[in-house]
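First the structure, then my questions, so here it is.
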Amino acid sequence: MSASLSRPRVGVWLIGARGSVATTVVTGCAAVAAGLHPPTGMVTETPAFTDSGLPALSDLVFGGHDTLDCPLPKRAESLTAGGVLPPGVATAVAAELAAADREIRPGGPTPGDSRTEAELITAFADDIRDFAHRHELERAVVMNVASTEPASQGPGAPLPASTLYALAALRAGCPYVNFTPSEGMHHPDAAREAEWSGLPHAGRDGKTGQTLLRAVLGPMFAQRALSVRAWSGTNLLGGGDGAALADPAAAAAKNAGKERVLADTLGTVPEGEVHIDDVPALGDWKTAWDHIAFDGFLGTRMILQTIWQGCDSALAAPLVLDLARLTARAHERELSGPLGALGFYFKDPVGEGPSGLAEQYEALVGFARSLREAGPARVDESGDVR
Amino acid sequence: MSASLSRPRVGVWLIGARGSVATTVVTGCAAVAAGLHPPTGMVTETPAFTDSGLPALSDLVFGGHDTLDCPLPKRAESLTAGGVLPPGVATAVAAELAAADREIRPGGPTPGDSRTEAELITAFADDIRDFAHRHELERAVVMNVASTEPASQGPGAPLPASTLYALAALRAGCPYVNFTPSEGMHHPDAAREAEWSGLPHAGRDGKTGQTLLRAVLGPMFAQRALSVRAWSGTNLLGGGDGAALADPAAAAAKNAGKERVLADTLGTVPEGEVHIDDVPALGDWKTAWDHIAFDGFLGTRMILQTIWQGCDSALAAPLVLDLARLTARAHERELSGPLGALGFYFKDPVGEGPSGLAEQYEALVGFARSLREAGPARVDESGDVR
Amino acid sequence: MSASLSRPRVGVWLIGARGSVATTVVTGCAAVAAGLHPPTGMVTETPAFTDSGLPALSDLVFGGHDTLDCPLPKRAESLTAGGVLPPGVATAVAAELAAADREIRPGGPTPGDSRTEAELITAFADDIRDFAHRHELERAVVMNVASTEPASQGPGAPLPASTLYALAALRAGCPYVNFTPSEGMHHPDAAREAEWSGLPHAGRDGKTGQTLLRAVLGPMFAQRALSVRAWSGTNLLGGGDGAALADPAAAAAKNAGKERVLADTLGTVPEGEVHIDDVPALGDWKTAWDHIAFDGFLGTRMILQTIWQGCDSALAAPLVLDLARLTARAHERELSGPLGALGFYFKDPVGEGPSGLAEQYEALVGFARSLREAGPARVDESGDVR
Amino acid sequence: MSASLSRPRVGVWLIGARGSVATTVVTGCAAVAAGLHPPTGMVTETPAFTDSGLPALSDLVFGGHDTLDCPLPKRAESLTAGGVLPPGVATAVAAELAAADREIRPGGPTPGDSRTEAELITAFADDIRDFAHRHELERAVVMNVASTEPASQGPGAPLPASTLYALAALRAGCPYVNFTPSEGMHHPDAAREAEWSGLPHAGRDGKTGQTLLRAVLGPMFAQRALSVRAWSGTNLLGGGDGAALADPAAAAAKNAGKERVLADTLGTVPEGEVHIDDVPALGDWKTAWDHIAFDGFLGTRMILQTIWQGCDSALAAPLVLDLARLTARAHERELSGPLGALGFYFKDPVGEGPSGLAEQYEALVGFARSLREAGPARVDESGDVR
């Protein structure tokens, strides 16, 4: 039996598998694995993670659920036109896009869907198990990268779709990562199940732009004993996320995460609002303006403003790949429950952990170190057992 | 003998004692000590420093050198008109301003000054010793808060004034802090003397605005594996510092410190220049604009811009008070040589230490802790010995 | 009879007479008339208006209505503390502030007020007539500088207070200027009365910051045939106006004016929202951020951003003085109806006129010229008849 | 004889014909003529120019001089990769790019070139005449779109290349447009010749970004009687222009134009500097930050900042096409000397004219009208004589 056959392969099952983020994840993973691009933005490719036993990018296999049916290669083409993917890369990895596209199953519930919640969970879990079985995967990670859902309607309401998927992940025995502000494993029903399952999970709401900045600026003000009076922000974004977050209920979920960062790092909640505007003209690009009014010595009023112009999918995708690898390895090491050490990646992290980015990075590096120690024997890239 | 007489008092000898920073230091120290304002911006007033044995603000006694002769109360009045000091405070602490003013001695060398370097050093040291003696000070700290000098002209050139003052501090047995980019204790002659002296020193170039931001943003990009392509900046400032830094030689000294932060935190020196413009219309206010072009996943180009609008004197003054207290306490604890643990405060820190602000803060808090342990008995605010 | 007695004096009756704008108007008029400050921001003090026969600043007499009772001198003091008025000026013009304060009458309707609309109008008109009579005024102009009201509730609803005051102005035979977005003379009932009255009126909603910029940037894009895709904006403001405009109904009135400028100058309404946030920490200062996404040649996407940091009262006050003088002179020249030539000053101008600032300025200068021609003999500053 | 043969064709001879601007001009002209893109950014395609008798885009024939030898289709490819040209357009107009490429002749003087100035002028003029002859052009316009030259070294220095080309244009009987800050027709020798030639000329230095903004903001401050204290700016740009302008001598030429706009519109020259930084990482994109400190009523200090992010070639190209058409038509109408009515397009316009953009636009529209009146009979697009 050849070494390459013995390489353990790891599945990445994406909820929202036809979206911008998922398409960028699949395209980028193939492009970086093939050496077409350096792994910019992937923290797990830096030296601190070298010996942590993470699965290789070339060992990741993609599939997922989506309610849309635009084929991935076509989606990649439109992301190329929009400047999210560089010219040529989608063509270069056409085979990998087509392969992932074949592994996408219909999501739900769709309008008119008569299946019960239990039936949906079972169907989703079967899809995931089938995927893992056919590809002889060592394990698979389920990751929510779908558009943000409206905030939950409270007790008695039907389970949000994100929670159905989270429960399906548990049912299929898979670790779960929620990269969105949707409820997912935070729903009380799912949280209980998660605890019993012995599976690791992480989330929620990837920290990609404005909140990333807040996680370093908040501690700066606190450490310098400067008094933040008001922190106001406006986000302009197009793409699907812009439209989803124009819904005040969806925005509320997102803003809660943003505010948590300030409250935790400043020790108080300053004045100021956060707006999220849908601006379709911006396509996949987003602009975040922050205006921070603070007091210096003797009450002197000062102001810091920041303008962040980024491409959301390109910011999210390398973090999603990081999280897939880290969570898979955590599963291999038989860790369970909320992975608080991954707070570096999230606006509203599960488990315990610091809120400032620098301390979160330290926790992450410590986690990488802990994965390394006493790790089970693994087959490395060359096929040798070490 | 009354308790108040037995309180050890600590001198703060300011080089540039009639400047905006010095005036704000003296005014603010009195105002905060009197409870007129909260100690915003003073890190040493936060809980981490509670038991570090730092001198109380009310125990600081001010004096210094300057080549100008505008009285401090008058300088405070014009800072009030310029919005640096809040209305009323200069009047409220008029007695303290007048007291400090009486302790300011003529600096040098002034044009036409026929004294040798040795004579100047002796004269300055005598002034400092006389100040300490008359006030029965336990110790005094010498701090350079004067306008930035042009960068040194190389071997054989006369010693810059900042180095004369640094040597005078050593001669008088005082710890020394260089809050400016001027050469001071960095001159080879002074560095050698400092090593022999057994005195602690700190510096250089207070990190008050643009570089403070860079010290948190640089690590953020590095930790997220984002590739910074170009980091450009423009500073607009009026006041004396604007005029001084319009001199390219003076600006060169300052910019070296700014660049060091990026090189140390990013691991490379990105493209981009830093401009410092003298804009007298801005008075004591400064605006710093930074434009950071970085690559994300698959080379997607993104941009962060920051605009910092602050009052330089109000940013510097609380840090100067922090440094006076910390350095005095270090002297008391018989620490010597470069205080690398104070890198949190400086663009171009002496000694060894990290470059990111978060790690620098951690080092500072550790330093505060070390000052606390096994500290010699001190008289506390109530006059009791503990 | 002395020349000075024969000088015709003109009343300025301010609705919202104890607000920031009114206080700045009264203070500034006195300070400029006394030569304490140059007339920065007053267009009517530029050469184009020299011979237009406008009343002198020293001939303006102030009074007004307000529902608050904080005395003007006290209000001026707090504006000085907030940096709106320069130190010393409120004291220097204390007499003028006290004089205006004596002429402020209680506004309404206040909660629990049992007077009918007709009774209120009569009472307000009586106050104005009494003011004009006691001061032997040649004429008086009524100007709304009160906080913005919520948008009208439609047919059948009670008349908004701003309309009651507008009707009182007509009843008292006074020209009327609406510097706010409130309904005032735009209410159908008042509009009808205005037409019959033969009195001139102007408004509405002073163009002081973001919209001023839009009125020059909109034409720029149009003249260069650049295609604006999205124009988004956020306004942060404290003070009374921030609180008033945090009410969505009040903000709606204001935003309608802002949008009109874009629609009129661009010829289309681009994507994008405008937010108005109440940020008490900013006091009387406001920050407006605009983000304009536009297409260039071959669809290349480009972006302009503007950040305007100003003091609303200081921006409004000189325009209010301009409008008082221009409207008084229009009345003297027996002009009637909407003064479309004053569109330069307003977001949502009455009458006909261009929308770009440059053309509005041209119209204003033409108006100044027309006031000049064939004007009735007036007594000039020296008391001579010319 | 077919209609198409009878259509008068107009040559556009580009100095710097292989540069980004020239490549965008040739690509865009073909793409717009073919209906692939709307004429965004082309003022001459707006209704005000409909009957001005301008040559059709499809009647323009391109050629030019350059010292480089990268073929135009290859240049277009790299502009596509850099996001200046939209995907697909360069391929769609490959034939037109190849045709223009065949008409590019070697420029000069190149290093080691032994030809005298007179010989160079003769050679350049011969190239232009030959181009016009072979294509049976009705007329040809010579346009400088090359990189900025260092400012002239004063009397006695050799003629700058831009002036050699300008003299060649005169020799060949062609109108001349200088879209760069280089000396060109401004050199005293050339200016004299131009006067005698009876040919029209226009320039200099296209107003594409920061100065465009200044030309609307300057008048805004002046019209509102606001007092501008300091106007500071920083430009970051990559591409060839960034490198050229990093040379202080070249930047000096450019900055003179920028300052002229402020001096002319404000009536004074405010404090503040303009920096031009070469930032290769930005490619063909440029960012311009402006910081304007101004005084409002009673001296209240306020600030406006603008950030312009554009693609220089995409901003310049439509204006170059406009100018080619307008200058060709001016030549047809036998206008001569400096075309002051084209000041709308330039930082440092030749001839007489206003400085504010709105008045310049009005002058341009008037010029368009004057071209229309009594124009000689022309063959229109359909081939019919009208």
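Just a few scattered comments:
The letters A, B, C and D name the chains in turn, as written, and every chain counts its residues from 1.
Operating definition for what follows: contacts are C-beta pairs under 8 Å (C-beta built on N, C-alpha and C of every residue); 3 or more make two chains touch, one makes a residue touch a chain.
The UniProt protein names, listed by chain, are A, B, C, D = Inositol-3-phosphate synthase.
Source: prediction; values computed, not measured.
Shared contact partners of chain A (Inositol-3-phosphate synthase) and chain C (Inositol-3-phosphate synthase) comprise B, D.
Using CA-based centroids throughout, the chain positioned farthest away from chain B (Inositol-3-phosphate synthase) is D. Work out the mean CA point of chain B (Inositol-3-phosphate synthase) and of chain D (Inositol-3-phosphate synthase), and you get 51 Å between them. A separation of 48 Å divides the Cα centre of chain A (Inositol-3-phosphate synthase) from that of chain D (Inositol-3-phosphate synthase).
The centroid of the Cα atoms in chain C (Inositol-3-phosphate synthase) and the matching centroid in chain D (Inositol-3-phosphate synthase) are 43 Å apart.
Within chain A (Inositol-3-phosphate synthase), contacts with two or more other chains are made by residues 83, 303, 305, 307, 309. For chain B (Inositol-3-phosphate synthase) in complex with chain D (Inositol-3-phosphate synthase), the residues that touch the partner chain are 229-230, 232, 234, 236, 270-273, 275, 277, 279-282, 287, 289, 291, 293, 303, 305, 307, 309.
For chain C (Inositol-3-phosphate synthase) in complex with chain D (Inositol-3-phosphate synthase), the touching residues are 24, 27-28, 31, 37-43, 45-46, 83-86, 89, 212-213, 216-217, 219-220, 223-227, 295-300, 302-311, 314-315, 317-318, 344, 356-359, 361. Considering their complex, residues 80-81, 83, 87, 307 of chain C (Inositol-3-phosphate synthase) touch chain B (Inositol-3-phosphate synthase).
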